[in-house]
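Residue numbering begins at 1 within each chain, and the chains themselves are lettered A, B, C and D in the order written.
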Amino acid sequence: MADLGVDLGRGFRLRSPVLVASGTFGYGFDAPLVDRGALGAIVTKGTTLRPRDGNRPTRIAETASGMLNAIGLQNPGVEHVATAFAPLWKNWAVPVIVNVAGESIEDYVAVIDRLEGTPGVAAFELNISCPNVARGLQFGVDARLAGELTAAARSATRLPLMVKLTPNVTDIVAIARAVEDAGADCVSAINTYVGMAIDVRRRRAVLDRESGGLSGPAIKPLALQAVWQVTGALRIPVIGIGGITTVADALEFLMAGAVAVQLGTVNYSRPQAAREIDDGLRAHLEAQGLRDLGSLRLRQPIVASHA
Amino acid sequence: MADLGVDLGRGFRLRSPVLVASGTFGYGFDAPLVDRGALGAIVTKGTTLRPRDGNRPTRIAETASGMLNAIGLQNPGVEHVATAFAPLWKNWAVPVIVNVAGESIEDYVAVIDRLEGTPGVAAFELNISCPNVARGLQFGVDARLAGELTAAARSATRLPLMVKLTPNVTDIVAIARAVEDAGADCVSAINTYVGMAIDVRRRRAVLDRESGGLSGPAIKPLALQAVWQVTGALRIPVIGIGGITTVADALEFLMAGAVAVQLGTVNYSRPQAAREIDDGLRAHLEAQGLRDLGSLRLRQPIVASHA
Amino acid sequence: MSPAVLTEAAVVERSIPMAGAVELVLHHPTAAAAARAGQFFQLAVGAPGAILRRPYSVAWARPEIGQIGFIFNIVGTGSAWLASRQRGHAVDLLGPLGQGFVIEPGNRPAVCIAGGLGVAAFPAVVTALMAAGRPVVFLHGARTASQLLPVSRLQGAELRVATDDGTAGLHGSVLDLLASVAVSDVDVFACGPTPMLRRLIEVAQRLELPRSRVQVALETPMGCGVGTCLGCVTPRRGGGYLLTCQDGPCIRADRIDWDGMVDAFHG
Amino acid sequence: MSPAVLTEAAVVERSIPMAGAVELVLHHPTAAAAARAGQFFQLAVGAPGAILRRPYSVAWARPEIGQIGFIFNIVGTGSAWLASRQRGHAVDLLGPLGQGFVIEPGNRPAVCIAGGLGVAAFPAVVTALMAAGRPVVFLHGARTASQLLPVSRLQGAELRVATDDGTAGLHGSVLDLLASVAVSDVDVFACGPTPMLRRLIEVAQRLELPRSRVQVALETPMGCGVGTCLGCVTPRRGGGYLLTCQDGPCIRADRIDWDGMVDAFHG
């Protein structure tokens, strides 16, 4: 039987390389049709220090093989997550990774502090695609800011720390390196691409926020390129995200060097995609006579130097 | 009768806002089914100082609502263009814009020098998505490099100068401003997004060059966002490019502030798309009782300061 | 929430119930048994470039023969694809989803208000009201006579009609019919374009019909249909948002902040 | 170049000519009259996410009744969509495109070599060879007997068969059949997976059959099909590239740099 186990660093092991991505699975409660046991892990909706109502509608729009979203981080706030959700996660077989968002380094750290040591919280994923109110630009587009944020989060938690990269940059490798150097255990790539749609009948942007994040099959080639670049430069594990819909899509990311994948938009149309892809990967390994997922990669990983 | 005329600066006027994009219409000779008279202008394949064979196959791959290409600037070189093509263009009703590519500022200038004053050449479009061999990175991702290249091209020609922006940057507005300040008459946005596809059966990248440029409907929301940002910041005209397939798509870009559009990938599947979109825009203006294309834009243009 | 199923169902019949509309009858006993009036299903579509499911109200369900019906018009690529399904083809559906209309038994009159394709949800609603013993006045508005759902599909209701072009019933809007109805002690069930629902609220105000007595079926974009994407929000009275797919699509009018309502699709 | 048309044509017949293949017969007099053996058409497909046309060889054309036929197998979304076309449906086609086989009149024997679905192009080729008075030996290879094109579709040719599983004819590769043919003074017309064509070139070498006497029909990805995208290149002997859509798909083997050939699709 092929081993689909994955190690994300810091001894954080998953039974499957197939995770569900932040914002596409809520907090794990709203998908009655999904067998959670089949998931490698659940990444929660972006969670902030205080509750957020999110953006005014219209928040989503379909595009060619993709969708735009501008939800605005609607979430109940970390207190509710800690007291109402985590106690239930504690009894689940699947680990829950909390996606953390904020407008200042202090915000992020406060969310982590509140959840640190809370049973049911397995790890953190930093969503660094958020605008930094103090310094005007996104954490994720500036290597120094991204490094500072990661370092601050690192010193706030003993749990596995995953940093989610934004692809809306000239040089994603520079950001990834800064995040690795600042102590991230692994990175997930990528978040959505900034896009826009205009309603020509109404003569206005479709989304109330004008622009939003593009996800879905449309971005898969871009995401794969980003993952290929990052896995070629980092020592820590990389989790691939972006338009993954089929077993073949997942294989592309694993061959590109990702140790695992996150499914996002596909969860909306095919609630059982994660299970199907998990099964498909196992079948592929067995058909190819491969022992583990690592043997899929096209390039050798960069081994940590033990100097 | 609604006026579909467009002014791209320097008195360069087109009868239609619908152009065909570089690399998707050759040098204007290979589309027997297309009524060239319906086009606002033809932008040629990227042309370099010396002839180029281009990349080894495989060069293209279809993706979800898009395609990847890594042609490698296969072209007969500027001498052939000047002596074999331009004399024929001279007799065409449609203006031909030569897309210029190179690996050094000298390359670009040499191509322009050779074509300057050649009857049949109406304008230049600088493809700044090319790698600068001397300084390692693409002209188009570095504001200073992009500005220097534009300035050099500007001083080499009296013809209208269009600079084509790459979207693979953190801040496209910064590049656009540098190009405007350096004397471009207009900008075209955008070129392709860097992407990749892996053949999981063969365990190798589909494209011989590993990565390639993504085009087609998949990128439309990203291109529209880029155009929306650029039209909000520049005084010079902006030509919108990216996934335009329908009249509604073209309207989105014009409403976003573009004065014209270029059709690329759609030319492959629907050789008569330009004519259909030109007709559709005229019909829309008339149905809406609008006099000209300018009245479509959602925001007022930034007027040039006559200080 | 009624237990949703994710399944393929065979098309047993395809027909044109009225001008500009298509009706698909699917065979799926579990779905037919689970569906409640006002709930919806997310139907997968194979149209080029389409990745999201399309939300459709259950038009009617007949558990005894395991059939469920959907009535829709063609507005874009997804509905065009659905309209091309033929007898024997399979349709991939997820549902039933969301909250249907709350229908209490008793003899208080029920007033149904259907604008345009909003009528699609009502065969099931009328059936449920009849089963609850409620007398039903049905106000049915359409552009023109040929676009009215045949009376036979609304058996048992007292039907009053309005058309924009006057080819049948009152020449005007379906809301003009409200004036002819005693609304002192009734429950209103309304479905139609958002602009019509907003006008209904104004009219109700004038007629002193309390919003708590009005239930509306809303249409917003739907990403997931199950509460995970947060893309379908409707402004909540008192602040924040309702999830149209979970708190709705059928919602009591007094829970909604009507000033914050946007319509992404109609008019 | 023969004058290409961009048009819709109606499907007049859909059938299964052999196991694993579908045949679509379209009615379009202009296209039928213009098509030459070995040329191809770019067919538009309505499959989800597909944006490029799909290239298909003209299997046969009957100008007298204005019909043209295509024979293909299902390998992905586009061909699956085409296979779902039924009688009466429209198919959007662009063509005929590219260079067909060069067929000179005379009595020099012609040897046709078809591997797998490569046989799809040959009914038209055999017809053209017959018309030119050429004697034809037809070497037809397939995985198994049921995947062989019926003899009736290759009327007039002397047929020799090979199957990988030995269920018909020679148990082996179609190229093994070449040994049984006198190739001293013949023209070879070959179509099949690129790996087969490459092996053919090696075998030809051994048999001292000059490459200039071998014409091959190539398969490369096609973006436009008309010479504008430069995506379909085949390495040219002596350097540079041929455009498969314009210089081909039928090309004399001595014009190709076989070492540089890649196969994006088979094996």
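Convention: contacts are C-beta pairs under 8 Å (C-beta built on N, C-alpha and C of every residue); 3 or more make two chains touch, one makes a residue touch a chain.
The model shown is predicted, which means the values in this text are computed figures rather than measured ones.
Chemist: Counting one step per pair of touching chains, how far is chain C from chain A at the shortest?
Modeler: 1
Chemist: Among the chains, which has its CA centre at the largest distance from chain B's?
Modeler: Taking each chain's C-alpha mean as its centre, the farthest from chain B is C.
Chemist: Measure off the straight-line distance from the CA centroid of chain B to the CA centroid of chain D, and report it in whole Å.
Modeler: Taking the average C-alpha coordinate of chain B and of chain D, the gap between them is 36 Å.
Chemist: Cα centroid separation between chain C and chain D, in whole Å?
Modeler: 53
Chemist: Roughly how many whole angstrom separate the Cα centroids of chain A and chain D?
Modeler: Chain centroid spacing, chain A to chain D, equals 47 Å.
Chemist: Please output the residue numbers of chain A that touch at least 2 other chains, ranges allowed.
Modeler: 63-66, 216-217
Chemist: In chain D, which residues are in touch with two or more of the other chains?
Modeler: 48-50
Chemist: Could you pull out which chain A residues touch chain B in their complex?
Modeler: 63-66, 68, 141, 168-170, 193-198, 200, 203-204, 210-211, 214, 216-222, 224-225, 228, 243, 248, 251-252, 255-256, 298
Chemist: Where on chain C is chain A touching in the complex?
Modeler: 1, 3-6, 44, 49-53, 94, 220-221, 223-235, 239-241, 246, 260, 262, 264
Chemist: In the complex formed with chain C, which residues of chain D make contact?
Modeler: 46-50
Chemist: Considering the complex alone, what residue numbers of chain A touch chain C?
Modeler: Spelled out, the residues of chain A in touch with chain C are 23-26, 30-33, 45, 53-54, 56-67, 69, 71, 74, 199, 206, 208, 216-217, 265, 267-269, 271-272.
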